[in-house]
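Structure incoming, see below.
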Amino acid sequence: MTLQHYLVISAILFTLGIFAVLTRRNAISILMGIELILNSCNLNFAAFSRFMTPPEDISGQIIAIFGIVLAAAEAAVFLAIILAIYREFGSIRPDEVDTLKG
Amino acid sequence: MLLSLMIFIPLLGMVAVLLLPRESEELIKRVALLFTLIPLALAVYLFISYDRSNGGTQYAVNASWIPAFNIQYHIGIDGLSVTLLLLTALLGPICVIASWRNIEKGIKAYMALFLLLETGMIGFFAALDLFLFYVFFELTLLPMYFLIGVWGGPRREYAAIKFFLYTLFGSVLMLVAMIAVYLNSGDPGARTFDIPTLITLAATAGHALNDLNFQIWVFLGFFIGFAVKVPIFPFHTWLPDAHVEAPTAISVILAGILLKMGTYGLVRINMAMFPQGLDHFTNGVGFWGNSLALLGFINIVYGSFCALAQTDFKKLVAYSSIGHMGFVILGLAARNDSGITGAILQMFNHGVISAMLFLLVGVLYDRAHHREINGFGGLGTRMPIYTGITTLAFMASLGLPGLSGFVGEALSLLGAYDKFKMLTILSTIGIVVGAAYFLWTLQRVFLGTLNPKYEALPEINGREILTLVPLGILTIVLGVWPNFAIDMFRESVTNLIDVIQAI
Amino acid sequence: MQPLSNIKSLLYFSPEILLVIFAVAVVLLDLVVKDRESVAVAYLSLVGCLCTFAAVLFTHFSFGAEGPVSLFLGMVRLDVFSSFFKVLLLLATAATILFSLRSEELDARLKGEYYALLLAITLGMFLMASSTNLLMIFISLETVSLTSYILAGFLTHSPRSSEAAFKYITYGAVASGTMLFGLSLLFGMTGTGDLAQIGGRLTELLASGEVAPLAVLIAITFVLAGVGYKIASVPFHMWSPDVYEGAPIPITAFLSVASKSAGFALFIRFFYAGFGNTELMQAVDWPFMLAIVSALTMTVGNLAALPQQNVKRLLAYSSIAHGGYLLMGGVLLTSQGVGAILFYLVVYLFMNLGAFYVVVLIANEVGSEMVDGYRGLSSRAPLVAWAMVIFLVSLAGIPPFAGFFGKWLLFTAVLEQGYYWLALVGLLNSVVSLYYYARIVKAMFFEDAGEETESVPFSTGTFALLSVFVIPTIFIGFLNIFYTFSNISVSVMPIQ
Amino acid sequence: MIVPLISIILLCPLAAFAIFGLLGLANRRFPRQDYLSTVAMLAALVCSFLLLREVVPNPEAHTVNWISLGGVTFSMGFYLDSVTVIMLIVVTLVSSLVHIFSMGYMHGDPRYPRFFAYLSLFSFSMLFLVVSDNLLGIYIGWELVGLCSYLLIGFWFEKDSAANACKKAFLTTRVGDVGMFIGMMMLFTKFQTLSLYGEGGIFALAANLNTGDMVWLSIAGILIFCGAIGKSAQMPLHTWLPDAMEGPTPVSALIHAATMVAAGVYLTARMFPILTETSSLVIAYVGGITALVAATIAIVRFDIKRVLAYSTISQLGYMMLAIGAGSYVAGLFHLTTHAFFKALLFLGSGSVIHAFHAMHAHGHDDEHAHAHEHGDHDAHGHEHGEDSDSGHILGSEIPADQDMRNMGGLRHKMPITFVTMLIATLSISGVPFIFSGFWSKDAILGGVLGRAMEWNSVHHYILFIMALSAAGITAFYMFRLIFMTFFGEPRNQEMHDMAHESPKSMTVPLLILAVLSLPVVNILWFNEAYVKPPPQPHLHAPQHAYISPDSNNTVGKGYTVSLFGVSEAVAAEEEGGHGTDGTHADDGHHGHHGPAHTIAMVLSICVAGLGIFLSWLFYHRRTLSAESVATTFRPIHNLFWCKYYFDEFYDGVLVALTVWKARLFARFDGSVVDGIVNGVGVVTRDILAAFTGAFDNRIVDGLVNSVAQVTWAVGGRIRRIQTGAIQTYLFVVLAGIVLLILIFRAL
């Protein structure tokens, strides 16, 4: 397993995330896409910290952990807002939530 | 000190007016009048005490304002500015009196804005620091915008925003040029906005400001800024609308002072600071060498013909101003003794005469509530005094010798012929056409059989005569004895010419 | 400069700590106070701001003044630059709290959380202004984002508010994710999270050819996505009109001023500390990229503002445009440029908050956010109308108001670097902007109110608060002190 | 002594006007404005006569700096030589008489005081013009008299014809003035001064010009002469003068016969020293043609005043011809004589018209009635006015009281008027020896012929023929006037019965003028030492002249008359050519002079006699019928009748053209300049409608408008992108990122 493998995987994850975010017609799936993006980043950090920095320097891993934490927080907020959206619009299809425009 | 007083007393007046209760209108008017009379007194004092024998800056005040950028509060007057200051200060009270009755709503805000406007104008003519100069230049925009937009005629919103946008467009280009001059005025820290200093720097060979190419571009930047104000041909379309919509007093200020700000800027900045740029546009060689004179010519002929075609009294006067400012441009382009003197005289005289004309139009409009020239007729029998004064103003405006209008025009043309023979000869068409539209108007409004609609039109009243008499006197005095004004700025013009010919 | 250890750092860190304490205190107080209408929490949070302000001054003059101090093993940094922004942000927060007090759209039951969140977001912005490490940058960014998502959606039973929050978080999450990816690339290339070192490393790597310029370019662009979304620059601006329109007005005001300022603080630190050296720029000409972005931003903002009828939305676009003006200063790697940005931020704070305050007032009294709602205001509430005129004209950048001086600094800086085209674009934009500002003025002064003509009463408190914004908007430009101050704060800012 | 005298002469009339104007502001009147003005005028008259003594020795100039610039200064002052004094006397004399006459004629007019105020203003301006020593001053007076003529022609401005006439007069003369101004500009740029006399003056400087400058100098001279063309109603700018008859008759007498129109001649005479061969010839031809054409037009007029108007034009042509042909003295001499007898003729016709007015007002001495007679006379005024702008040519439109076809046999009714007018007529027709007109006219003819023979130049022969035939025609139509008015049977009995002699205030001036029409005026021109023609350094005889150019008398003769008949004198031109002044004016009794003058005299007497005889046949004896002649020569008659279609040409072509151009410009202003990108504007408006729908297009029109429209369109597009769907936004973000990367990859 070289660095390349990790990078390739994270790149794939990132792309998948972007793809989901752009194409899914359901807020939850968009959330999942976002999580994918964040995870690809975390993977990057972990991998880089493993391969690029001296073993005693674990800042990369730490960043990854913070990333996970923040991802969780973000997910919580996102879900709360999705609930509010559902209450107001009776739907969580992002393309139906477009009263603000122009 | 005196100057600073003159600049800020109207501002003080604005504060005073704002503090007064909205209801006590008479009081507000009186206070406003008082605070315009004081600058007039000061201006007269300056005019008298100004040392004519030396054309340099006098009554200068130079205090540091924003050291971080070496911006100074530097004011002072030379012969040119003192003349225009007198004009400004004179028109101030006249306009207040002229607005005495015919401003119905919001007299408080009106007077406050008017006083602010006056501060801007006086400051502009006194400023000797480029940055200060620009700030005062822009300071006049806002009050003007409101004065036209709130108290104007039916299409006032349109006229106001048009005026605002046109002028702002010009002044942003001016801003670029100004910053460019500042940045090239020296190494960081040694830079300056001080106009006299910049003039000397621009004259010293090898200095960045002395470079021909640079001067040409900066000249253009400033020129467009001022050209919109003057207004010079392609930028003139705001003027008729603004005039037609603005209330009488504001038209007076617009034609009397704001137009002069443009030409004053041309003299003070473009000609004095960028003699090489000036030379490039006025050396009479090739297209660019004639371009400035060409613009003057276009203004004259084009403005006159447009005026000839108007049927709205006020619009006619507005277009006539465009024509008359053309003589100023032509005279400046000649950049010789008689040319520049004529141009400056023409500035002053046009200020006085067009003020008269707009006041007169206002008098008629207040009575008849329309300005359609063909809608009148035969008023000469009904209101002889008004007719007499109007005839005087018209004759002065069409350049009848013995009245001030003639001297300026004649000198500008005499000067211009020296350099631009063909253009000047063609420009004389403007003289004939000018006579044509004024006489035609005179005939359509005053001569012929009296239009029965106006059997009972009241004669011009004392207040209105009061506003007109000082201007009329000036018109005659300057026509009979031009040196009265020329003495003020002869030396300054000589200095200017030295600067121009130094290149 | 040796980074201080965590324990030593705490003292230097007192402002942030105070903010945390007061945030918690506010929540607790809210639990105690039963009375719905009580404004105790608001005042408590105001007190919090005051104390923090004192702490900022204290830390600044006792430690920060004699030179930058690096805290928490180089995570954050205390210098004049950060102090400057802290003061700025506190002003914005305090103003927002006062707005919220007067605003009638907020739900009384939730005000505890509301003010707590305001303090929290302020904390995040403090960190944004002072963080010097990728990790810290990311965390602070996320703190600010998460709280602002919630605040944007704070209006219960308001579809617009919820939609705003939804769009905001979706957009924000993607943007910050992208940024994080960029950060990870930077980390991977340089092997360090410390901004100061990243720049140097990148240069070496580029020189030695170990790293392809494209990689660096991609990384920078991804980072730009995150920063650009905070400062709402094209093409990352699209969330802002919707969010500004949907969010509660005080929050809109706060976002348009505070989070933009914080974003610029981060932007300046990142790009100057990180990528600010010449070799790097020879490899990757990001200033030019920024120049184009800024030109686009101001143009798009101004043009899109032209047809707007909703004043909030109009101001949203105008603040996008102002982001563009500010970016002009960022294009140049000169202290004049940055100084201009800082000065303009100060001016912008006053005039923009002032404008939004008027919007709040009108929304309360007239109940309309539309331009037509402002008809005849000159006769109904002359003072407010004139104040609005001053703010708008200052935003348009017309003398003698502060906005002009700010613009003038920016343009001077730009022209000094020879970006004539950029300056011209900016100036023409300011002409365009005048038109839509003038539309509001027109509505207020040149059109009559129709049936409602009775004058709108305002409390003296309102006028007092209004004057707090009006007076600086008029006078800042005339005072030398502000120029010098912005210059100082730049001079000690780490530019390598 | 001179300065105070001049000051009084100038200030008295001015003061009279100023008092009127100032009181007018307060809507008050000086109780007897008429006395005020008249007294002022008389004072000026007295002073002028005093000056006669003062100035004889040698001319002098008094100047002050008027406009002093850094480099140049424009001085203002007066130059006093014999000619000036003579002009002063003529002006003040005629003016005073007209004042007195007007007291009767204008009595009871609603604007009676104003009339005298205007007269005073005019007198001031005219005098100022006369005494000015520099072109600028002359130009000022020049324009001021123009203004006064404008005001006085339009005195009854309720009458549309009058309103048109005054406008026409001002504008037409202004055209000429512009030419004059251009000439001034040329001279100024060359010499940096506008004062004429003294070593710094134009004449002195011009004398040193070399032949290379002749073309330039000729052009300048002709341009200056343009002013004279306008003021003196020479071809082709003569059309305003007949219309000017819309003004009150005293005005016609003073301004449009005696003084103002003569100012053109005076100016040309003043310019004498800088006239070159070419410019002189042009002047001469303009004068000659005018003399002839105007005379022919006069033949067929029926409006008594217009006959006189055309005769005035023709006589002015004479004077121009004289100046152009080098007969300086003769020209000015004719100016003075003409001033008197033409004023007399006008006043006489005025008295006739007055009689008919009074008649209309039922009652001989009912002055008040006759007062508002003007009123209703004016009210219908616009129907008649034969030569008014509208260019109608039907005789029926002549005001009844000016139509000679209503007159006849008046000599019994109004003896004084008849006798005086007869004297004037004899004088203008050049009936020999006892009438001044004969001498002056003959002097001109002699001068022209003299030069013709001397230079052997075809041009001058042609000119001589023109002048001669004009003289004959003049005699013809003048006697036609007399016969139709005073002889024969009354054509309109009812009007005839009512007619009456005018009051004293009117007849006295007539008598005085009658006396002045006798050779007594020759006193002024008695000895050539008093009036010396200035040198003409740039006028040289053509190569083919008999006398070689270098010899002493290469130039045409000046000519003076004395009571005792013809005494020839070589004018000072030739000495002038050699820089000396013309002291020995008598060394010229040789060359072709003697014969020239005898021939001229004989011929002129013959043609005059012929003219008178013919008109006697036509209009008194009626052995010949004018109508039949008219029918036989229909086309020519029409040509005369329609005044060579000048008015039609001007109205049809020039005026129309100007107005059209003005309209065009205005439209241009409205559309093009105001919307250079209007095309774009329209297109974008449609795009805009497609994208954003309604928008406020009352932003700013024109350039800004279209720019604004474009901006709006773009703004609309941007809004379009803001769909509200979050995923679109995200797509834009990523697209943006990719785009940025691609762009900068490319860089």
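A, B, C and D label the chains in the order they appear, each numbered from 1.
In this section, a residue touches a chain if its C-beta (ideal position, glycine included) is under 8 Å from a C-beta of that chain, and two chains touch if they have at least 3 such contacts.
The shown structure was predicted, so the numbers you read here are calculated from the model rather than taken from an experiment.
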Quiz item: Nearest chain to the global Cα centroid?
Solution: B
Practice problem: Consider the two chain pairs B-C and A-D; indicate the one with the greater count of contacting C-beta pairs. | Solution: B-C
Quiz prompt | Length of the line joining the C-alpha centres of subunit A and subunit D, rounded to whole Å | solution = 97
Exercise. For subunit B and subunit C, let me know how many angstrom lie between their CA-based centres, rounded off.
Key: 44
Self-check item: Euclidean distance of C-alpha centroids - subunit B vs subunit D, Å
Solution: 37
Quiz prompt | Chain centre separation (subunit A, subunit C; CA means) in Å | solution = 26
Practice problem: Could you list the positions in subunit B whose residues touch two or more of the other chains? | Solution: 157, 161, 165, 169
Exercise. List, in ascending order, every residue of subunit A touching at least 2 other chains.
Key: 18, 21, 30, 94, 97-102
Self-check item: Two or more partner chains touched - positions in subunit D
Solution: 699, 719, 722, 724, 726, 730
Self-check item: Interchain contacts (touch definition) - all pairs
Solution: A-C, A-D, B-C, B-D, C-D
Exercise. In the complex, go through subunit B and note every residue touching subunit C.
Key: 65-69, 109, 134-135, 138-139, 141-142, 145-146, 149-150, 156-157, 160-161, 164-165, 168-169, 172-173, 175-176, 179-180, 182-183
Self-check item: subunit B - residues contacting subunit D, complex
Solution: 157-158, 161-162, 165-166, 169, 233-234, 237, 302, 305-306, 308-310, 336-338, 341, 378, 380-381, 384-385, 388, 395, 400-402, 406-407, 410-411, 413-414, 417-418, 424-425, 428-429, 431-433, 435-436, 439-440, 442-443, 446-450, 459, 465, 469, 481-483, 486, 490-491, 493-494, 497
Practice problem: Within their complex, state which residues of subunit C touch subunit D. | Solution: 166-167, 170-171, 174-175, 178, 214, 217-218, 221-222, 224-225, 229, 234-236, 238-239, 241-242, 284-286, 288-289, 292-293, 300, 303-307, 432, 435
Practice problem: Quick one: which bits of subunit D touch subunit A in the complex? Just the residue numbers, please. | Solution: 719, 722-727, 730-731, 734
Quiz item: Across the complex, what residues on subunit D touch subunit C?
Solution: 692, 695, 699, 708, 711-712, 714-716, 718-719, 721-722, 724, 726, 728-730, 732-733, 735-737, 739-741, 743-745, 747
